[in-house]
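Once you've had a glance at the structure underneath, I'll fire off some questions.
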Amino acid sequence: MVEELIVETQGQGLLDITHQVKKIVDISGNDHGLCTVFVTHTSASLTIQENADPSARRDLENWLNRLVPENDALYTHTTEGPDDMPAHIKAILTSTSLSIPIINGKLGLGVWQGLYLWEHRRMGHRRRLLVHVSR
Amino acid sequence: MVEELIVETQGQGLLDITHQVKKIVDISGNDHGLCTVFVTHTSASLTIQENADPSARRDLENWLNRLVPENDALYTHTTEGPDDMPAHIKAILTSTSLSIPIINGKLGLGVWQGLYLWEHRRMGHRRRLLVHVSR
Amino acid sequence: MVEELIVETQGQGLLDITHQVKKIVDISGNDHGLCTVFVTHTSASLTIQENADPSARRDLENWLNRLVPENDALYTHTTEGPDDMPAHIKAILTSTSLSIPIINGKLGLGVWQGLYLWEHRRMGHRRRLLVHVSR
């Protein structure tokens, strides 16, 4: 079973998609299995992170922005804007696919884990994800 | 098939879990298939690395500690200790899930590959992993 | 179904393996499913990146080479050459396994996504990948 998940982002940031993915797992009716989430873009990515304190996610984002700043003299791929090349680099440092076991009919995330779509472009985008569920 | 794997860490470091995961693959009896390992925490992660010379793993750890130091003025998420925010960042730069094909009844790791649980906190923790095996 | 894929690299760089992996998915005849690619080495890795403008891939490589330079005084694992330890670090920052859903008989990559084997050593190597395809 492969479901398409469309997520509208609001610009750079971590967007919680845990609920949407859990719903797809619920519909599958699988008691045990594997859920794989895949993002079909190269300037947005996935990460699993703490879902409790929002300051952790803000720090993640600020840290990554400092590691991969815009307007770095190294970049030659600049025609799509100053935030495009940093977005590609951030995408390779995080995840394009993530697989989470399903246990007792539920997505096997830890208590403090949330699943996030990470938009790396400044502008909001319509992002298309694929969610595969198997036994 | 989803199995729970509990690993007690001894503080920051790479812990070889290859043997435990191989045992689960053996029990499954699958000749060909896929084994997915998932860590249910946001301050520990997974990596596949050289299993021969321990100096490679020490260098990995020292390099990552230098890239993501404690007490960085950027951090605002500091209530859980100086090693907490660096642990979250290290987790997103490495892997929360890893999938390894099973071939001829064996985990398809290369000769020099080991599977490691990477504890990023200074103190030892009881870490819960999920291991999914399918055809 | 697990297939072995041998790729001869020509030294450091991103090598497009999308076509080879698509062929394996075609042969499987699966309409919907999951394709997992795994690299059996610790000094080469996988990434999904923009397949249009080659300047994006050159920038990725130059950026990663600057972040993880050779001859860093921190390295103690130096017996296999100055490019070996950087290769291990680059491998942990990118991906050893990647899972891509199959939708309507096709690998579900986005229009601008290509699947790349990233050789991190200076010399060309014979790299062995495993490709698992399931429903």
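Annotations
To keep things simple, chains are lettered A, B and C as they appear, and every chain counts its residues starting from 1.
Following the convention adopted for this analysis, a contact is a pair of C-beta atoms (placed from the backbone, for glycine too) under 8 Å apart; a residue touches a chain by one contact, two chains touch by 3 or more.
Fair warning: this is a prediction, and the values are worked out from it, not measured in the lab.
In the CA-based superposition of chain A onto chain C, the rotation angle is 120 degrees, rounded to steps of 5. Both chain B and chain C derive from one sequence, and where they touch, under half of the residue numbers involved are common to the two copies. Work out the mean CA point of chain B and of chain C, and you get 20 Å between them. Within chain B, the positions touching two or more other chains are listed as 93, 95, 99, 134.
Per the touch definition, chain C reaches chain A in the complex via residues 32-34, 47-50, 53, 55-56, 58-60, 62-63, 66, 93-95, 98-103, 108-110, 112-113, 134-135. Chain C contributes residues 1-2, 4, 36, 38, 40-42, 67-68, 72, 74-77, 79, 85, 88-89, 91-93, 95-97, 99, 128, 130-132, 134 to its touches with chain B in the complex.
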